[in-house]
Amino acid sequence: MRQIRTDLAMESQQAAGNVPGVWVKQWEAEGVHITEVSIDDEQAAEHLKKPVGKYITLESAGVKQRDPGSRLAISNLLAEELGRLLPPGEAPVMVVGLGNRNVTPDALGPLAVDKTLVTRHLFREIPGAVNERMCPVCAVAPGVLGVTGLETMETIRGLVDTVKPRVLIVVDSLAARAVSRLACTVQLSDSGIQPGSGVGNLRRAITQEALGVKVIAIGVPMVVYAATIARDALEQLPQEDALIEENALDALAEKLLEGSVGEMIVTPREVDSLVADAAQIVATGINRALHPGLSEQEIREMMD
Amino acid sequence: MRQIRTDLAMESQQAAGNVPGVWVKQWEAEGVHITEVSIDDEQAAEHLKKPVGKYITLESAGVKQRDPGSRLAISNLLAEELGRLLPPGEAPVMVVGLGNRNVTPDALGPLAVDKTLVTRHLFREIPGAVNERMCPVCAVAPGVLGVTGLETMETIRGLVDTVKPRVLIVVDSLAARAVSRLACTVQLSDSGIQPGSGVGNLRRAITQEALGVKVIAIGVPMVVYAATIARDALEQLPQEDALIEENALDALAEKLLEGSVGEMIVTPREVDSLVADAAQIVATGINRALHPGLSEQEIREMMD
Amino acid sequence: MRQIRTDLAMESQQAAGNVPGVWVKQWEAEGVHITEVSIDDEQAAEHLKKPVGKYITLESAGVKQRDPGSRLAISNLLAEELGRLLPPGEAPVMVVGLGNRNVTPDALGPLAVDKTLVTRHLFREIPGAVNERMCPVCAVAPGVLGVTGLETMETIRGLVDTVKPRVLIVVDSLAARAVSRLACTVQLSDSGIQPGSGVGNLRRAITQEALGVKVIAIGVPMVVYAATIARDALEQLPQEDALIEENALDALAEKLLEGSVGEMIVTPREVDSLVADAAQIVATGINRALHPGLSEQEIREMMD
Amino acid sequence: MRQIRTDLAMESQQAAGNVPGVWVKQWEAEGVHITEVSIDDEQAAEHLKKPVGKYITLESAGVKQRDPGSRLAISNLLAEELGRLLPPGEAPVMVVGLGNRNVTPDALGPLAVDKTLVTRHLFREIPGAVNERMCPVCAVAPGVLGVTGLETMETIRGLVDTVKPRVLIVVDSLAARAVSRLACTVQLSDSGIQPGSGVGNLRRAITQEALGVKVIAIGVPMVVYAATIARDALEQLPQEDALIEENALDALAEKLLEGSVGEMIVTPREVDSLVADAAQIVATGINRALHPGLSEQEIREMMD
């Protein structure tokens, strides 16, 4: 299989074709295209380089045109799917925004945390004032290793030990394979986050196995690797194009992977506003899922 | 004693006059006025509403005029005094920036953390690459309760348990009594931070007693409470002004403390740039103290 | 008359009491307190230190508590009053945001411009695409003299010559006398802006007289001068307080005006979010007044 | 000739090979690679799609590694070459930062303007206070059409009429053909800016012809178009690669230019910090060229 770098399980699955232990389901709702990929065993996980678990992808091209209806629909569907994954209980929910606030395409997590309705302190300090339709929520953006000198997991582990949340919701920027998915696709999964690949570096994995608490990951692809785009383009060549053989394609792609190009990212010029929009959509989905007793209008006013 | 709200021990001491168990020393160096207040026992602490410990205050009016020489001098003196307080050892130093990044006069801590040279991850990951003249440093800005739903202490305690630093350096914006001290005064103390008063709310105190690790606090006053300024002004009245008696003064001040005025802050109009400058000065002092093997020029280039 | 520094005509009028040539009208609507001060001749203008014209002040304490109903009400009333002042015509409307984007309490103008719906280029370039219910609008934030080296008027005059707008709407941060009016009061006037006082420095005045085009000014007070607050407090003393005579009050106030205190501002600690909220309210009012054919919902979605 | 999109004259020249009326000179200084391309007549301009004029390109790979020596060297050389282009005179110099402050790779111009030392108002208001070693400078960032509703030229023309500067220095983000030139290359030219191509849209051209004042353009490439990178990669194929013929290459490239890919940009992940660094380098070069009487140290302190 080609080594296309993507954080979307649906793209890994599409590149791999039929794999035993992998199930795919697709449907449409409110104009949003939904794909559910279920990776059932370790062999399938190894094959797709993604941990065992369920991955739900919501796609809506209208989001990029800032269409209000599309944004509302994708938020609502995210809230619904997230709601299904949430374990019941009284313990707080902890939202964690990964990534670097000062690197625009990497800022989704911190920006989504800024828009998350935080209530845990109200439950502790002025319980009478808390709306009974709300649930206790805390939210942090721990920053990145190069800026803090701390592994994200070191920060999270300490907080989990102290707060004892019933679930972690981890928000992060993703890389996709297809440019058309940037900024208009949300992936939700119950597998946690395993940097690098499906076979994990346990020290860094943010998973139930490592933390002892359920981990739900939400991500939006904001970049495509520059090497990927060239590779992807080459693969789009018509099969009948006899002039270019498979070997030549590979040589071509390798050529592209040389030098600095591989480290470059492809991103829409207006990524600053797209990442802000995506953070708003993700935070709205989270807020609605965590406080189902509040109306859409109430949530919007509190987030303003 | 008048209840003037100030975070500067030297202002509390000046307001209180001679108090048993409190020692004061003053001197000048490189154009900077230095005051050392030592609070030796609990009775003195109770009297001044400041925990037992040593408080060093550096004042330089030139800093506010952005005079390069004054900024350099106060950074150097901070580095020197901080160096004296640092415990020896191989364990990392943890710098913690308190306050809210999105409230300008409260952003000193997060901004200083942004400028702190972070090296702990290099020691762990590519030890060969680390300059032997450097020491391992990590740095975090945990945010404020209303934004995260987490007590600052909850975050710090978790990190201290994981990182096991040899010392915590906590940076925070302060309130002063005198407008003339805003943005040009640095207080350094070995007493940690005890919100509210000298007699502490242990749940929130960031102290050696609470954390099991030495805590050094560095702060710069960025605001004066609006109530304070009125009170302070009234007290400046010449003693011979027979028209206004002590009782009338108190009535006047009480009047001013009513209503919203008390919650207002007095601050220079250009506080955005002043807090950025103060963060640069504090971070330079910290960086120089932690990496004495690096030259002034090297530190400056790394911070650029 | 006491020399209280305020940019609100209603505060100048209140301080002055009855003045010939000044008319005051007050009413309530949708929970908003409205005051209209009309300054009819040059003598009255000289007395109040405000140019001849009509000043409408909208006050709503709920705005500061971020109450959605209050924010909506004050935006709607601003749109209505502004609509009455707009001259008819096909020529574009030019919105100008005064002040310094990097000085938080001074950033109202630039922030409001960021939220203004800009359409003039659409009318020129793709006229078919423009909704016929919209009007051509351009918007600029010219910056301040110390940052650009240009008088605001130099920039505006050049733009007015080129664009030939039918009206200028100038947005600026104001200073108030009363702390209780900060961030929850909007002043709208048809007199333009005359820096300093009612008797103008014509080189800097942004007025119909100077520019040959009608000028409407919209402002929100974000600061009180520190000297003002002390003066104001002293004046609140009960008349029967025989201990303090008028002379002593003046001596007291003068004392407070000495030194750096006078240059300090009093502002709410959370001014960063209050100025952003105020900019949203002002821009909503402007957008609704300029595009009466669009619904409240449409305006909100376009501003998101 | 291939239609590679680049704003660097040296890249256009390299792609075109020998063209009559185009002269190229290359040399090294202080570790910086310098290329001077001179386009002498309209035919050559048409051929290279760049206006007649002199283009000096400074390249230094060390800049991207944030090497202090490399940054200093490139600033100094920029100052020197810019100094040669400046017309003598007493009239002010106007620096114009093009681009959109809120789109990271497009923010070079506004950020460079923020770091430009502005002095014109001092010459006018307190001439005695101005260092005689300085020259009068004003600086503006007029914003982009979609945000202001105003053509950049409309704003500039108005300002030029008012200020009557002796020269305009226009700073803008560029697109390059080669990824390796991003963020480490500065182009300086005396041809002004002609959007689109060498044969101009006079309404938008920022040139001496259009404005009646000399225009010097300074730019740093921050992006490569995604289509370009694929095209460029294909052209790097070894000539002996018989499997892929020229026709197939073109078909391939055309394929890549379809759809959204063409609108995407390739940029380094850390473009936020790279554009800030580039703005610092450009502004340092401008400041040193405009105020040759000030020392390197004085300029640095004023810019801090």
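For clarity, chains are labelled A, B, C and D in written order, and residue numbers in each chain start from 1.
Here is the rule we use: a residue touches a chain if its C-beta (ideal position, glycine included) is under 8 Å from a C-beta of that chain, and two chains touch if they have at least 3 such contacts.
Chain by chain, the UniProt names read as follows: A, B, C, D = Germination protease.
Please read these numbers as outputs of a predicted model, since none were measured by experiment.
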{"item": "Any chain that touches chain D and chain C", "value": "A, B"}
{"item": "A-B or B-D - the one linked by more C-beta pairs in contact", "value": "A-B"}
{"item": "Chain whose Cα centroid lies at the greatest distance from that of chain C", "value": "A"}
{"item": "Averaged-CA centre spacing for the pair chain D and chain A, given as whole angstrom", "value": "37"}
{"item": "Centre-of-Cα separation between chain D and chain B, whole angstrom", "value": "44"}
{"item": "Chain A-chain B separation of Cα centroids, rounded to whole Å", "value": "39"}
{"item": "Overlap residues in chain D, where contacts from two or more other chains coincide", "value": "none"}
{"item": "Contact set on chain B toward chain A in their complex", "value": "92, 114, 118-121, 136-143, 145-151, 154-155, 157-159, 161-163"}
{"item": "In the complex, chain D residues that touch chain A", "value": "102-106, 179-180, 223-224, 226, 229-230, 233-234, 236-237, 241, 243-245, 247-248, 251-252, 255-256, 259-261, 263-273"}
{"item": "Parts of chain B lying in touch with chain D, wherever the complex brings them together", "value": "66, 68, 301, 304"}
